[in-house]
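Before we start, here is the structure in question, set down as structure tokens.
To keep things simple, chains are lettered A, B, C and D as they appear, and every chain counts its residues starting from 1.
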Amino acid sequence: MERLKIDDRIDLYGRMLIALETLESCPEFTGLIPEVRSNMVFAAKDAKGIDDVLAIDGRITVVEGKPRAAGRPRFGASSHMARLLLEVRKKDPAVRAGIDFANTPQLTAWLEDYCQKQGWIFAKIDRSHEPEEVRQTEGASMPWKVAEAIRAAEGRVPKILYENGAVGKEPVSVILGEEPMSIARELCVIAREYKGPVR
Amino acid sequence: MERLKIDDRIDLYGRMLIALETLESCPEFTGLIPEVRSNMVFAAKDAKGIDDVLAIDGRITVVEGKPRAAGRPRFGASSHMARLLLEVRKKDPAVRAGIDFANTPQLTAWLEDYCQKQGWIFAKIDRSHEPEEVRQTEGASMPWKVAEAIRAAEGRVPKILYENGAVGKEPVSVILGEEPMSIARELCVIAREYKGPVR
Amino acid sequence: MERLKIDDRIDLYGRMLIALETLESCPEFTGLIPEVRSNMVFAAKDAKGIDDVLAIDGRITVVEGKPRAAGRPRFGASSHMARLLLEVRKKDPAVRAGIDFANTPQLTAWLEDYCQKQGWIFAKIDRSHEPEEVRQTEGASMPWKVAEAIRAAEGRVPKILYENGAVGKEPVSVILGEEPMSIARELCVIAREYKGPVR
Amino acid sequence: MERLKIDDRIDLYGRMLIALETLESCPEFTGLIPEVRSNMVFAAKDAKGIDDVLAIDGRITVVEGKPRAAGRPRFGASSHMARLLLEVRKKDPAVRAGIDFANTPQLTAWLEDYCQKQGWIFAKIDRSHEPEEVRQTEGASMPWKVAEAIRAAEGRVPKILYENGAVGKEPVSVILGEEPMSIARELCVIAREYKGPVR
């Protein structure tokens, strides 16, 4: 990432570390960490590929009952979440950060209501609508999923999107925003306010 | 675990730590770690519940491109794998250890062949056979799955079992044995010999 | 350490990990961790050199206000404490474990009294007595120090020994025993009972 | 640290994390880590006390032969180095960062020469000059030491300062600068260029 300006690198690492502290010091967030763990991604302003997206190496898992980053923030440490973010940014480059979290029928129903109160756009990706040719083509699912979420949100990038599960794929939700500190705080508020079952 | 005899506790912790070192010092094992991460479980001789099963707190994940335990071995740190092991032990109490790992069509095909060469029993759990009433009953899936694996293995406990995926569930494979040091070594041999794609 | 019998390796790792859990779950022990950190060492029965002595890689330090091992138990991970232990074992091979901890005038005075009550031998090494030729000879200080402690203890291996500081050397205390689980427990009792200032 | 402006917090955490990566990815730096470990400190612009100074929780130690931070950057995580920095800043508030490292006669002789080539001020604190009343007064040593270093540097703040050891105190060197990224790079250059013995 030598091509990034030093001020941008400082801003990326600084916001990421502060956001990570927010998540790690929120015990309620453990309830929202899915089996596949959570990751947090933060794209450089002019990110071209996943190597321009900062992520938590080893993701965020639960140790001793608390959220804990397995490793350090590192460029290129995420594939799945980084590709989702890059795809979203084709529609709205102001969106630079995302965190994935658990997804259950109860949480999703609660979140839909919560988003409405917040004035946030909430969009569902129904993977049963995924065309067979998309499913079969390597790398085609993510563009389809993001396009589907934006279509469901009537052309806008949603604040929270989720997909229902597919065979062999744990369903997750994703919260999006301009930078990670604010979405980490927003997600911790969700974790504290949601009282229903998660797993 | 105060009720465990001190010699048993030493044996449990000692074998677990040596097995963990085997996995962590095998870079090829990273290729076999699923999205939901791997766990390794080791049951006390007279284990009654998950609190009598030692597991890796936070499971084993990939950090800086290498396998790394997120936390320490701790009794009760696993739910899913511990329940699988306890269920298997109803059939064969000599089986005290297990590790879950990735499962893809290519790896599964290769493993089936590999098990035959080793003289190991390999059993598939087809979750599409899971009856609706089992699916709907809290806690009923695991006994059904283990019974199904033993049925597929003609009444014996398999060395390696795997399930095909269900909606929202990443499919995993499980290697079983009497104690963790030997299955960790066996799994590292598999990781080094298998050359095909994993993800 | 391939030359060690497998049962011995299991016993070494198992006792070490249980002892480490004892120390890490004792918040009062943070007060006894010196600037140079604490290490815990455990020698194989027939240990010939430091590669036969298990120690905590990176020692035990204070993170988030609690004792935490920096790395894993590893053979050869200690030099100083391992050499002290090997030297002590020339006198009494039953002594296989040791932990170093803080040393201040107040703690030392309290420990002297505490040892008397316990019937433990407590020995001081006065480094101002160290002959100049010992000081100048690479590797000569440790044999001299241990000999001095045994001389001070009238020919016996002490339970706790300490040295007063030398120029450039933080003074530490050392507790010795046959295996690490018991000395970890003994040291935690000391940490809880001692109420005076440590630093 | 809620009183800090958000932009300052981002800058502090970002630079600290990038500096830490520089140190951790420099294997030669292990040779410069003293027994008491290294810490890196970074003061907020208007730092009033140690709670306004960011430091590495648990310091930087050696694990698996490489430098590794024991914990996260945290305000207030250092006492000794933070107080040294705050004292230096009374003379020159532009100095906001410091790292302590090993100090041996050979390294010190080499460093004196190296500093001269770089045009850096190098200052020695001779603790044998410390007055008895300073030694006896709680909290008086640090102001005296910093005043002594500035006096030795003819009224200027040195780039590198070191103290010779006192009884019970491991001698360390300290590199100072305006922010941590540059001094971490400078220290890694020193670690790579210095070829002599460290311990």
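Basically, a contact is a pair of C-beta atoms (placed from the backbone, for glycine too) under 8 Å apart; a residue touches a chain by one contact, two chains touch by 3 or more.
Since the model is a prediction, treat every value here as computed from it, not as a measurement.
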Shared interface numbers for chain B and chain C above half of all numbers used, same, or below, different?
same
Using mean CA coordinates as chain centres, what's the gap between chain B and chain D in Å?
48
Computed distance of Cα centres, chain D from chain A, in Å:
39
Two-or-more-chain contact residues of chain A, please, as numbers and ranges.
none
Touch graph of the chains shown: is it line, ring, star, complete or other?
ring
Across the complex, what residues on chain A touch chain D?
9-15, 17-18, 21, 72-73
Would you pull the chain C residues touching chain D in the complex into a rising list?
35-37, 57-59, 61-64, 68, 70-71, 164-171
